[in-house]
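Letters A, B, C and D name the chains as they come in the text, with residue numbers starting at 1 for each one.
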């Protein structure tokens, strides 16, 4: 236990080429790789990134204008948030649900697709690592490149097998624990998912429209899945401040529906 | 990879003393330990549990009245659902969020409390195992017994150190990755959590009332935490059926607010 | 103005054959007609209803066990709540929206159906009276009787023309301000509603399922309606109490979708 | 009845100085007074407003670029929407609830404040007219002018007595049916509202923060109100389109809480 704790503490020392999340406030934070001689320019002045070397994560650093930033250790949620700036990706709230409700954990083998910018695959990988694997399918060449780059930066590339392939045509893996989908025609993947899953394994699909959900459910029943459920979640931020406490005005009204099912056999 | 797949497949064969979830429909399922000579009596007839031995998870079995049940491999969510029948526990939707937003994963060391029936601790353990640990605090003797029994049944007892202790008084661990609370006075734990956490580590608290959240936020600011956010989630089931598709009538209007924060240092 | 005020005050004196809402708490209240010699028996003791005669609405009265009840003047919402005990009716939250978003007010002429127990018709009548009218259609004989009785009790029977008829076959009125529907096949009423409405008049439909809404919207576009909108509302009660403030646990997850449209002409 | 219908039809003919709502689509509509020689310039070309004279409301008119607009009869909701462009006002969804849950209707006498731009007062007036009255209080001179102008345009000025006064200091009216508040310190109005209301009359307050609600509830209990309830509503638009049906992404997460109570007397 002693050793574990030491290792963990060491892991949290900021070293060269590490990523840090420079946090100013809820709306403004910067994901930066720590390199010698690097300066981060913000509207609150610049920060000498090099000064972070050897300090512990969580440390505060001041910009040239004296404004305080906290150097947080980036989590998978922070990476996803940064990825989302450039491409449309699944929301953290939905990723949280997909991971928990799909029954996966350390060691699970998961087929996932379409990869897109890689946010969902990266999140899954960070929960199945180190012994588990994500087989992430994508047909669009340009996204394969973006995703590969994102996986490397996040540091989970070793746990993901990025594959050029079309899940509506074929799944190559067998006996996987879960098939997790974020693509436009999930119902076309259902029968392949059934073949790829081990008994009792999970099919999980994220879809924005009701029409997709209805077609997917029909395909699931036909293929022999059971325990089929569909739900949606609403996420509401709160402003907590004595005398001014209230839910936040801005809220996302809809992202998508999550459908889950388990493989039943005869 | 071959070997991994075989192992995984083997793991999913139903063996003596395994738990199975005998699933009838969305509202009725039974968590049963597989033992020779055992019969499960339901209003749909009885099931010879012994007949499941050697079959794969996901297999269907018929009751004496010919009604089909699916023998699913229980997930942590299934166990939590069954635990919740007997004691009031945190909802799966909130556990999903707590785990994802607290930045933990395989290998994380987490302080948690109050243990209660153990649902939250068990869920966390199933994501930090095998190399991580949960230090779960509880002051009520009767719950320590219930939790210990639940951990053993779920098969995650090796990853949880169940401790009789009061988090509002003291946290013994150092350099932990997260402190996760489901207790009535989280604000009294905040300064101890700050001491126990490594830099950038997460404080997460679940509280039903606004008053608890306001006090906790004030304590967090005072102790030096940053990145403080509070949110709530709403979970709505959907009835998906051609010609009858609609959200379900029953919905839980409120479970609690989740507050997260990260340790910032000078 | 003097006179108006006096009249209003007089109206609020409890007289024989008036209805009063005897309010104990949020969950328990009794709608009672004031009659000489009448006793209301509750689990908190009995109340001599006669004692209310000549007192002002809002007055408190004690039961034989000394428990305090408030004698409120029943509102249309109170009547609807009582009607709803016996038959499935549209929720007050949806009635509130339907009335406001349909643009009706004192003097409006409105076609409504199916009548059912009359809750929606009664609510509309209480806003279009005294010069407006509700033409309420119902095909089921037993409901015509129930509704007529309810209208009389609520005191709005003079403003409602209760009609035995099928809105999917024909609407007899012309130049009405709104057609408001709570029935299972609203799309079959759309073309008749178009004929019955004056230009710019409102079509409003309440439907539990998505499938009904999709069909209705298609019919609306085909018939020449414009300004088509569909929405749903969620209503969440709050428990307000220093130190224990929080949303209530119980909440209705779904009642139905409201679709509105206005008649456009060439 | 014949006569009523004719009158109603006449009312819907577009005449000089009438307002029309020129509707293009859900996001774009124009509230315009009909005057000779007037042109409305839009990015879809211009419209000769004069051409609408003598036509029925609901009629379609084409812009110089051939784009179709519908000339709807403006409802109170349309006016409120237009007013909201210039000042922050209460949302239609909340107005709908306030009106229905406050038990008011044709003939009611209502104290309201702060007036602001007049949206809430105008809406109430359109339901209590012609025999009822709204006494609308405002202390800020600039808003008294804006509101007066809005009331005149909407055509409900005759039913509103606009008063320069501070509701937290005094309410001059007696025996009113309801006191409806949208101001920052409603708890300071509670005792005056109690004096102004007739027995069983309604106090209704709209407040964005929890803190306001807690203080108001305490004042209500102290003053002798009963039947106190607080709730919030969520309004979610739906996109209805075969193959693409889903809730809309944009949604307002919070506007405010509505608290209602009724005057109980001894």
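Methods note: contacts are C-beta pairs under 8 Å (C-beta built on N, C-alpha and C of every residue); 3 or more make two chains touch, one makes a residue touch a chain.
Note that the structure is a prediction, hence the values are computed from the model and not measured.
K.L.:
Touching chain B and chain C alike: which chains?
P.N.:
The common neighbours do not exist; no chain touches both.
K.L.:
Please report the minimal path length, in steps, between chain A and chain D on the chain touch graph.
P.N.:
The distance in steps between these two chains is 1.
K.L.:
Since chain C and chain D are copies that touch, is their contact same (over half of the numbers shared) or different (under half)?
P.N.:
Same: most residue numbers at the chain C-chain D interface appear in both copies.
K.L.:
Based only on mean CA positions, could you tell me how far chain B sits from chain D in angstrom?
P.N.:
48
K.L.:
Rounded to a whole Å, what is the gap between the Cα centroids of chain A and chain B?
P.N.:
For chain A versus chain B, the centre distance works out to 20 Å.
K.L.:
Which residues does chain A have that touch at least 2 chains other than itself?
P.N.:
Within chain A, residues 210, 236-237, 242, 245, 247 contact more than one other chain.
K.L.:
Counting only chain pairs that touch, give me the topology of the graph as line, ring, star, complete or other.
P.N.:
ring
K.L.:
Sort out which chains touch which and give me every pair.
P.N.:
Per the contact definition above, the touching pairs are A-B, A-D, B-C, C-D.
K.L.:
Looking at the complex, which residues from chain B come into contact with chain C?
P.N.:
Residues of chain B touching chain C: 208-211, 236-237, 242-256.
K.L.:
For a test of understanding, state which residues of chain B touch chain A in their complex under the given definition.
P.N.:
4-5, 8-9, 12, 23, 26, 56-60, 70-73, 75-77, 92-93, 95-97, 99-101, 103, 105-107, 109, 123, 126-127, 129-131, 133, 174-175, 177, 198-201, 210, 213-214, 217-218, 226-238, 240-242, 245, 247, 257, 259, 262-266
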